[in-house]
Amino acid sequence: MLQSLGQNLVFGLLVGALYGLVALGLSLIFGVTKFLNVAHGELVMFGGYASFYAFSMLGLDPFLSIPLTIIILFVLGAILYRLVFSRTIKLPEESKIKNTLLVAFGLSVIFQNLALRFFTADERGITTSYFSQAFTLGGVRFPLPKVAILVVTVIFLIILQLILKKTYTGKAIRATTQNWEAASLMGIDIHKVYLLSFAMGAALAGVAGTLVAVNYSIQPSMGLGWTMKALIVMVLGGLGNIPGTIIGGLILGLTESTTSFFISSNYREVAGLVLFLLVLIFRPQGLFGSKEA
Amino acid sequence: MKKNNIIKLILIIVVVALLVVLPLVIKNDSTINLVILVLLYILLASSWNILGGYTGQTNLGHAAFFGVGSLTTRLLWVNGVPFLLSFLAGGVVAVILALIIGAPAFKLRGVYFAIGTLALAQMLNLTVGNILPEMSYNPDLANYQLLPRYYLFLGLTLITILTAAILVKSRIGLGMMAVREGEDAAESLGISALKHKLIALSISAFFAGMAGAAFAYYHVSFYYYMPFGSEWTFDPMMMAYIGGTGTIIGPIIGAVFFVLLKQLLVWNVGEYHLIIFGTLFILIVLFLPGGLVEIWQKFRTFLTKKTKRRKKVLLKATIQNEDGIQRE
Amino acid sequence: MKARMSIMALVVIISLLLASCTPAPTPTPVATQAPLETQAPTATEVQYPPAPEYIEIGASIPLTGKFGSLGSQVKVGYDYAIADINADGGVYVAEYGTKIPLRLTAYDDESDPTKAVSNLEKVFTENNVVAYLGGAASGMHAATTAIAEKNKVPYLGVSFAWWNIHQRGYKYLFSPFPKSPDQARDVFKALNELVPTKEERPTNIAIFQEKTDWGNELGGLFKADAGPAGYTVAYYAEYAPGTTDFSTLIMEAQAANADMLLGMPNTPDGIAIVKQAAELGWEPKFIMLVRAPDAATWGEATGTAGDSVTMFAGWHSGENFDGIAEINAKHQTDFSRPADILVGPAYACVQILAAGIEKAGTLDRDAIRDAIAATEMMTVMGNVSFNADGTGNVLNPLVQWQDGKMELVWPADQKTADFVYPIP
Amino acid sequence: MLNLENVNIFYKELQAIWSVSLNVQKGEIVALIGPNGAGKTTLLRVISGLHRCASGKIDFLGRQIEKEAPEKIVEYGLSQVPEGGKIFTGMSVLENLELGAFVKRARKEKNQNLEWVYEIFPRLAERKSQQAGTLSGGERQMLAIGRALMSKPQLLMLDEPSFGLAPILVERMFETIEKINHEGLTIFLVEQNVQSSLELAHRAYLLENGRIVGEGKGKDLLTFESVRSSYLG
């Protein structure tokens, strides 16, 4: 019983890391640009398909193809920004959020149907030769694909933090997040910053897609579910709060796993949504956000 | 102008009359089913528009009210409650749900409200699927008739449109629009934002619930959780936007357009209709926030300007002519 | 406001006009009037009424959405069978004294039962179809069979194991497909035959029941049949379809010492179950998942985790009945692999329907219905006859994934490979 | 150096600035004074490229800049300290200053500029690793000016640098501005604190309801009857 609970919590944390990673891109984009890209789940889907085809056609290991996935999604994100989202940047914040939400929703409809057309409705997944290997610690099993989630998430969290904290571009992104007008007066080209943040967010979604394809399965209509998860996590962590997002993911993962352990796995998704609504109503700045940020 | 009004009134009467006699003239069930689909979407898009369009609260949980309405009506009706009673119960329960969630939901502003309502509908969808996973069958299949269902939808749609039209002309309607333009400004004018949002939500939910009730009566067999699906929010919302939010006619145009486009495209190019519809939706949100109605209005002002100009030219010509005559 | 109303009125009128003359996919010249007896009484030859151009059949198939991978297999089966029959001129209808080709009008319902229902209504009124062919997945059939009953149109459906629908007294519903009671009975029967030594058999069953009508039915039957066959149900759990994480269920099954898994997940859930079982180190000796492994991409998606998983697919391309070789050849050309498992049963549906029409000798739906009810014929899925409730008496082969391929392992006279047991 | 000619500006439908012409010469301190809502901030936003003017010409060092992007204008050597400072509160003082040197031209000389700024505002050097959000009001204003100086501008525009500061700090602020000016920087100052700014400025413009209503030497304006009665009372 106790060991089982331990296993459950570990799985909750590992899966929660994936939720965090899925939300990371969404949160980055929202924080910097105030675009609410509800087509994020579809970007995750594209990432999943990119690594799936790299695996099945080129024989590339899904973890080795991550750079390739990043490039593809980065370019896709840049194109999306230029073609669609850049048209909303002049709007005041509130209507910007609303309009990008609507536009992104239209995009998700388009992407789903394009995916159906080109990837078919078949369920796809990546199963590597080493997927069932695991190590045991105190009677709790740590399967490699799940541990990989945590490793990849931590790596990308560190990379993202390094970019944001140490590079000039990263500082420009943070400055734009805090006050785009002041950033503009520093000589920062905010269009470039927006483009870059959007493309980076898309690339992060792509990485998450790889992990989804390895751990679960992918198909054209998977987007909404993952967008929902990302929204929950983003709100839990505080809108645009990068480290908070990962912690939010872990909390969601734990909430789900404990719900299935103590109540029923039928209600794990519902539990996440309830938590989301409670936080939304009673602490809209997120569990870790301060009012100012 | 007065003459114009009479023409419009006559047009409306003609349309309604046409819709009333339609199933008697066209005995084709498929056409009637198609019109029912259009009416259902008009109901959903118009009711969404009351809160989403006129009050400016992007409600992504409209399906929750539609679903609750259909669930209530179907359960009561299947279990032997008289039809009319179970039918009305659908709308009433939707309003009750609206009142329960309204106060906390409206603590959320703007985008928070949108994603909050989306989460709410998803939650209900999953929960109903968990509790009532089974298929609901029509209890009396042998005596199924399309006509009463058609008139039910028609009547409900007319009532919804009429209510919306009266509402937006009323003081409450003006208050709703003031809230849309800016809550703080509205409050400073003494308009309670919460009150108006709650009223709009309740009315919107009521008609969504009634649409659900009609759906429950219409459909031969469906899963109880299905009307809670997000497409029942997203499709009507897209229709309202494409037609033009914050207008009475917009959702109607949007719904008609959606269903026709879908029918035409399904027949000709397979599954492309959603790609085209999605693209159109994006274009409208980005470049034509007034929707198709705006195109029409622009076109009309363009026309009237043109005729006015032509009249002016004619007038000038006549004057010149008269001058000429005088000179002769 | 008045201005708006006028626009509204205009639009509604236009829409109504458009709606009333919406183009049908093709004009439907089907004559349903009874032949005029008074015509040409002097002729010595039998005078036939003018035959319709086609025998119209309608279908709604999930080609996209969550059942898309099943529906597309079904569609291929229908298309192949109709092409084969029409290559021969069609079906001979005595009433018209000639062969009439079949024509299928099929729409995609996106795996949405509501859309499936309106699709069937549409083909009924616009194409005046004499019969319906079903889509895929029990949950979809549950919605569409009611329409067949309402419209009194014979309905033939596969990928359809739900038995309970047949107990609603529907007269027009026929399904030449193994049903839940067959599957529950045969899983133990097959296992006992394939593993003759009792000590080697698994003993403790874990049942993961999907929380749907059909899941409830099959789960209950598994449970009921286990005891008499010599097995114990050690763990029984329900889950909602769409669950992405089964670790709790798997760990509890493990804790209950289950060495055999029975379930009926949809494809994504099934993939998640076998992958997570492997990750958690649960190694049951036998896994039967009805439905999920039906997907042609199962092997690719699950790799070694999905290997040795068994299912009751209703058919397999390796069976030795007449006509299968031709189907496989065609499928090989079109898709570079032998026919998928739902192609055969779908093909058989059209065979049964064609035979029924020919026997009825008319395009009257009730006559065709009666003829189908009396079916007793060889098809690509073997001998088929129907019970009074519309369920079919058909072969129920056990199929197992081996090295990324589906192999037929039971019954012995049809098998294409040996049963792999226990799961390595 | 900076030359505005017949600039008209609209906010949505409303005209905020009516045909404003003014100029700032090299080495000067020029003040733009006027009541709240006169359109001073709007004018600065337009010069910086954050908002577009409807018509008119803006010339900076011989370049037409009225259609340029804000980042280009900074690159040309025109920097603005926005109203209220608008420092990046979530970042350290040093990071704020580094961002000031974002443009390519300034990045090369970042270290010299940093020393220069620390020399002007020794307080910033003491707090360089502190989170900017924790600074006091005076320090924030220093940081905002220091940040703008980091881009090594030729013309510095200050929007209400004295706003919200205690009188003693205001005085010090004006002293600093004068000091910076002595080091060769041209300054365009927007202020409500008429007395101090007119004492400081070489020249001044008076803006009311979007129109220039007066212009002259700073000290001359101080004696203007209308100015005296309206602002100094």
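Note that the chains are named A, B, C and D in the order they appear, and that numbering of residues resets to 1 at the start of each chain.
Here is the rule we use: contacts are C-beta pairs under 8 Å (C-beta built on N, C-alpha and C of every residue); 3 or more make two chains touch, one makes a residue touch a chain.
Nothing here was measured: the structure is a model prediction, and the numbers come from that model.
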Statement: Without chain A present, chains still joined through touching come out as B, C | D
- request: Name whichever of A-D and B-C has more C-beta pairs touching across its two chains.
  value: B-C
Query: Taking each chain's centre as the mean of its Cα atoms, which chain lies farthest from chain D?
result: C
- prompt: Roughly how many whole angstrom separate the Cα centroids of chain A and chain C?
  reply: 38
- line: Whole-Å distance, C-alpha centre of chain A to that of chain D, is 41
Query: Which whole number of Å gives the spacing of the CA centres of chain B and chain D?
result: 52
Statement: Multi-chain contacts in chain B, i.e. residues touching at least two other chains, fall at 126, 130, 271
Query: Considering chain D alone, which of its residues make contact with at least two other chains?
result: none
Message: Among all residues of chain C, which ones touch two or more of the remaining chains?
response: 63-64, 211, 240
Pairwise chain contacts under the document criterion: A-B, A-C, A-D, B-C
Message: Quick check: in the complex, which residue numbers of chain C touch chain B?
response: 1-13, 15-16, 18-20, 22-23, 25, 63-64, 107-108, 112-114, 117-118, 121-122, 124-126, 139, 142-143, 146-147, 149-150, 168, 211-213, 215-216, 240-241
- prompt: Which residues of chain D touch chain A in the complex?
  reply: 48-50, 69-71, 74-75, 79-80, 82, 86-91, 95, 98-100, 102-103, 106-107, 133, 147-148, 151
Message: Can you tell me which positions in chain A touch chain D when the two form their complex?
response: 168, 171-172, 174-175, 177-179, 181-190, 292-293
- line: chain B residues touching chain C in their complex are 4-5, 7-9, 11-12, 14-15, 18-19, 22, 26, 28-31, 33-35, 37-38, 126, 129-130, 133-135, 137-138, 141, 144, 161, 165, 169, 219-223, 226, 247-249, 252-253, 256, 260, 263-264, 266-267, 270-271, 293, 296
Message: If we count contacts the way the header does, which residues on chain A are in touch with chain B in the complex?
response: 36, 84, 87-88, 94, 97-99, 101-103, 105-107, 109-110, 112-114, 116-117, 224, 228, 231-232, 235, 266-267, 269-270, 273-274, 276-277, 280-281, 284
